[in-house]
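My questions will all concern the structure given below.
We call the chains A, B, C and D, going by the order they appear; numbering starts again at 1 in every chain.
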Amino acid sequence: MADLKIKIQKLELKNPVMTASGTFGYGEEYTDFFDISKLGGIIVKGITINPREGNPYPRMAETASGMLNAVGLQNKGVDYFIKNIYPEIKNYDTNIIVNINGSTIEEYIQVAEKINELDKIPAIELNISCPNVKEGGMAFGTNCSSAMAVTEAVRKVYSKTLIVKLSPNVTEITEIAKAVEEAGADSISLINTLLGMAINAETRKPVLSTITGGLSGPAVKPVALRMVWQVYNSVKIPVIGLGGIMNASDVIEFILAGASAIQVGTANFIDPQITVKIIDGIEEYLNKHKIDSITELIGALEV
Amino acid sequence: MADLKIKIQKLELKNPVMTASGTFGYGEEYTDFFDISKLGGIIVKGITINPREGNPYPRMAETASGMLNAVGLQNKGVDYFIKNIYPEIKNYDTNIIVNINGSTIEEYIQVAEKINELDKIPAIELNISCPNVKEGGMAFGTNCSSAMAVTEAVRKVYSKTLIVKLSPNVTEITEIAKAVEEAGADSISLINTLLGMAINAETRKPVLSTITGGLSGPAVKPVALRMVWQVYNSVKIPVIGLGGIMNASDVIEFILAGASAIQVGTANFIDPQITVKIIDGIEEYLNKHKIDSITELIGALEV
Amino acid sequence: MKKIQDFNVYANHRLNSDTFILELKAPEKLPEIFPGQFAQLKINNHPQVFLRRPFSIHDVDYEKNTISFYIKIIGEGTRSLQKLNKKNSINAIYPLGNSFSLPKKINVLLVGGGTGVAPLLLLSKSLKNNNISPVILIGGRNKNDILQIKEFEKYCKVLITTEDGTLGEKGLVTQHSVFQTDKFSFKKIYTCGPELMMKAIGKFAKKNNIECEVSLENTMACGFGACLCCVVETREGNKCVCTEGPVFNIKDLKWQI
Amino acid sequence: MKKIQDFNVYANHRLNSDTFILELKAPEKLPEIFPGQFAQLKINNHPQVFLRRPFSIHDVDYEKNTISFYIKIIGEGTRSLQKLNKKNSINAIYPLGNSFSLPKKINVLLVGGGTGVAPLLLLSKSLKNNNISPVILIGGRNKNDILQIKEFEKYCKVLITTEDGTLGEKGLVTQHSVFQTDKFSFKKIYTCGPELMMKAIGKFAKKNNIECEVSLENTMACGFGACLCCVVETREGNKCVCTEGPVFNIKDLKWQI
C-alpha cells in the first residue's frame, strides 16, 4: 500500500491533504460529516490580535467555477481562541495550524508569540495575503521588503514551523518567495485569493459590500499551479499548494508542480466530505501507478 | 430605440462590441456565420515585424470555465499583412484595428509606422502583454518604465488612435495604466490573459509545449472587472474592457465598471455568432431599463 | 446532527408558472426536522451553478420518508431543479440552521410573502401539533401567487392579500385589516418573505410590543457555519444566518425599524 | 460554407462498452459533406466541459437528412454525448476541414485504428461511388474493438488485426500480412488512428513510395481557423489542422519517419 506521509521540515503529516484557512472553521463544523483526524492538517480560520467583526454583508458572490468572498477576517481574537477554542480542538489527532494576521508587524508578532505557547499547535501560517482587509493583509504580501520584514519579525518570536502564505496578486511571485525564504520561513503556501469583483447588472451595484473580494475555486487553479511551479523552482523550502483543488487528480497536478502538501478550500463548501474522497483518490492513483510514496511525485513534472 | 454608438476619442464605433485579438483571425473565419459589419470593431490577430511560426503544438488546454493558450503570436509578418490581408479586409464596414507586437521597442515602432500608412486602419492596439513569447511581450507590460517607453516611442510614429493593451499579471494595474496614459495612449484595453499552467496527471507532463500559457474565458472575468474598475478610476482616457465576456449581461457589468467599449475573445470559439447575440442583448437591456444611450452606463456603478 | 445524503426525486409538481414543489425521498429514516430549518441542495450538470442552493424545508412526511421544498424559479439553479424528475437523484445537506421557537398556548400570526411561505407550512403543522391554531396571512401580487392554500388550511385559518385584489384583501400584506391594532389579538408573529415586508411587520410588532421571529435568506456559500459569508448584524455582533439563524427574534437584530 | 445549427438527436446506439454511434437530424437540407470532414459539437450542461468537441463525420444520409458520428468515451464530453436521447438537441458547427482526396481508379488501402475508423466509412462510400473498391484494414486490441464491420463490408473488403488474436490476424495493424511488400499492390493508403500507428503506416508508405494521406486529431479550441491552437508542423510551416487539415499527405508533414 502506498505511503502518503510527508514532511514539511519538522512538521509531519499523515497525508498531504490539509484544509485551507477560512474554509474549514475550527474543524468542528465538519465533524458531523467525517472523521477529521483523517486529515493531514487543518489550517484554522484567520486569527488577529483583537476581535474583528469582519466586513458588512453581502460577503459572497458566485462566479464562473468560483466564488468571491469578502469575509474580512471575522474572528474573536487570539485570546478568545486560546481560552475557548484551543481546549476544544487541541486533541484532534491531526495537525492544527493557526493562520495569523495583523495590520501591523507588531500585531503579527503579538499573535505569533501567544500561539507559540500552545503545545498542540505545531505550526503557524502567516497570512500576508488577505485581500479583504483595509490595512495590512495583502499589502505585506505584495512587496518584497515588507514580506521580508514581517516574516523576519515573526521568525524571531516563533520557534515552531513557520509557513508564509503568499498573495497571487503580484507581478513576480518568485521574488516574494525568495524574500520570505531568506527571512526564515520554513515553508511557503500559495495561493491566497485573486483580487476580483462582481457586479449585478440589474441593480447596477457591486455584489459585495466591499466592492472587490477574493476569488477562489477551480477558476484560479491554472494560476495557482503556475505559481507553485515557479516558486518550487526558485526556493529550497517546501511549498504547500492550493487554489481550486476539487479532486485527487488536481492534487497530483499540484504535487507534480512541486507542492509537498496541499490545501483544499472552497471545495469543502460544495462537498464537506471532499477531503476524505481526495485522500482515497490519491492512494488509488499511487497504487495504480505503482508509486510507493507520494514524496516521489513532488516536483516530478516531466518538462 | 436605444443608441449603441460610442466613441474612443476620435474612433467611432457603431456599438461597443469588438472582437479580441487572436480570437477572430482577420474576421474572414467568421463571415460564414454572420455579417461581421455589425460589429463595433475587429481587433485582428497579433502582428509582428517579421513572420513568426509561433510555439510548438500543443498550444491549448481546457480549464474550468476557461482555456490556456500558447499560440505565441504566429503570423506572417506586417508586410504580408499589408500586401495580402489588408486589401481583403479593408472594406469591411467596421473598424479594423491592428494588434501590434514586438520583442524590442524598435520592432514595435517599425510595425506601427507601417500600419500608420494604411488608410482604413483607424487604430492600433499595442500589445505589451503577451505571455506566450520569450522576449518582449508581457515583459513590457509588467513594468511602468518599459510600458511607458514603448508607448511613447510608438506614439511618436503613430498618429491615429493608440490603444495600449495591459497585462493583468501585475501587482498594481493602476500604475501601469497611469504610465501609459502619461506616455500618450488614447485608450487602454484590458485584460490580456492571466499566466497559468496545466498538467496532465496521467502522463505527468505539462499540457502545453511552453509549460505555461495565457488563461482566458469566464474564469478570469472577476479579475478583469476589478481591473477595469480600478483603471477607470485612475485614468482619464477611455477604457476598453475584456476578459471572459460571454453574454450581454457581462458587457453591462464591464460598462458599469467603467469600460467605454468591450471585446469578446474566447466566447467566439464556443459560439461564433455570440457577438451579434450580445449586441441584440445590450439593446434589449437598454430598452428594458429605458436608457437612451449606452454611454449613460459607462462607469455608472452605484457604489 | 447534519447529514449529507443522496435523495431520490419522489415528485416534482408545478404550482404556477414559476413555482413548484420538489419532494425528495431520503435513503434512510429521516432525522427529526424542525420548522424553519433548511437544506443545501447540490445542483448537478450546470456550468453556471457552482455552489449549493439553500431552501427551507416546506414539509416532512416521516411515513413516506420524504421532505419537500416550495421553490420559485429565479435563476439557473432553481430552473434546473424544476427540471428534475423521478429518475433523478439529488444530494442534500440537512437539516441546517435553527428553528422557530414554539410558544406556550397563545394566539400566533404567521405572515408569508412570496417564497416566504415555504417554511411556514411545517411551522403551522408543528403549532397545530402543539395545540395552537395559527392564523396565516399570505400575500402576493395576484391570485396566481397565492399557493398551497389547501395545505395551509389543514392547520391554519388562512388570510390573503393580493396587490391587485384578485384574491383576498387588496393591497400589501402589511395593509391587511388584521393589523388594525385595536383588533389585533396575536401575541406572536412569525414572518418570512421579502426583506422590506419583514421589516414592515417587524416595525409593527416592535411598536405594539409583540414577539416577532423572522426567517432570513442571506446568500450562502457553505450553509453550515464554515465560510462566514452569510452574516447578519445583531446586537451581539455578526451572526451566521446558516447556523445561528435563519430564524431571528427581531429584538436581536439591528434593523432600523 | 460552414454552418452552425441545432440538430435533433435521431438515434444513439452503443456499439460496445465505450463506443457509440450518434446520429443527428439536420434542421434543413444538408450541404454536401466530403469524407474526412468533421463537426464541432457543443456539449450542454456540463460544468467541466467548456469548449466544443470535434468529431469526424462517420456517415451521411442525404435522404433522412442525418449525419452520424462514431464516438468513443474518453472523458466528460464524450460521456455526456453518450447520454443524449431522442428528446435532446445539440448544436453543431459543420462541415469543417478539408477532405481526403479521391484518386483516379487505383487500388487503395484504408487503415483504421481505434476511433480512427470514424472518417473511413464515408471515405469508403465515396470511393465505391467513384468505382473504386477499397480494402480496409481495421485494428484493435481485441474483437470487441472491431466495430461497424457490416457497414464497411457494404463498400470494402475488410481485413482485421487484433492484438490478442481474438479476431482476424494477431498483432498490430502494421504487422498485418497485407504489408508484406512483395504482395503489396495498393497505390495509395488512407489512414486514421493513434499517432504511433499512423507514423508506422507513413513510414511504410514512404519507404515503398506509396501515396499516403493521414487524418490528424490535434486538440482544438475553435475548429474553424480562428485560434491557431491546432497546428501541425509542415514543410511550409505551421498549418491549422482544422482548416488546412485534418487530412494531410505525409509528404507535407515533418514527421521523423
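As a working rule, contacts are C-beta pairs under 8 Å (C-beta built on N, C-alpha and C of every residue); 3 or more make two chains touch, one makes a residue touch a chain.
Owing to the predicted nature of the structure, the values given are computational and were not obtained by experimental measurement.
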{"item": "Neighbouring chains common to chain A and chain D, by label", "value": "B, C"}
{"item": "Chain B and chain A - chains in contact with each", "value": "none"}
{"item": "Chain centre separation in whole Å, for chain C relative to chain B (CA means)", "value": "47"}
{"item": "Interchain centroid distance [CA atoms averaged], chain A/chain C, Å", "value": "36"}
{"item": "Chain centre separation in whole Å, for chain D relative to chain C (CA means)", "value": "56"}
{"item": "Overlap residues in chain C, where contacts from two or more other chains coincide", "value": "47, 49-50"}
{"item": "Residue list for chain A, restricted to those that touch at least two other chains", "value": "61, 63-66, 217"}
{"item": "Chain contact graph, described as a line, ring, star, complete graph or other shape", "value": "ring"}
{"item": "Contact pairs between chains, per stated definition", "value": "A-B, A-C, B-D, C-D"}
{"item": "Touching residues (chain side chain D, partner chain B) in the complex", "value": "1-4, 42, 47-52, 93, 218-233, 237-238"}
{"item": "In the complex, chain B residues that touch chain D", "value": "22-25, 29-30, 32-33, 45, 53-54, 56-60, 62-67, 69, 71, 74, 217, 266, 268-273"}
{"item": "Chain D residues touching chain C - in the complex, by the definition given at the top", "value": "45-47, 49-50"}
{"item": "List of chain A residues in touch with chain B within their complex", "value": "61, 63-66, 68, 142-143, 169-172, 194-199, 201, 203-206, 211-212, 215, 217-223, 225-226, 229, 244, 249, 252-253, 256-257, 285, 297, 300-303"}
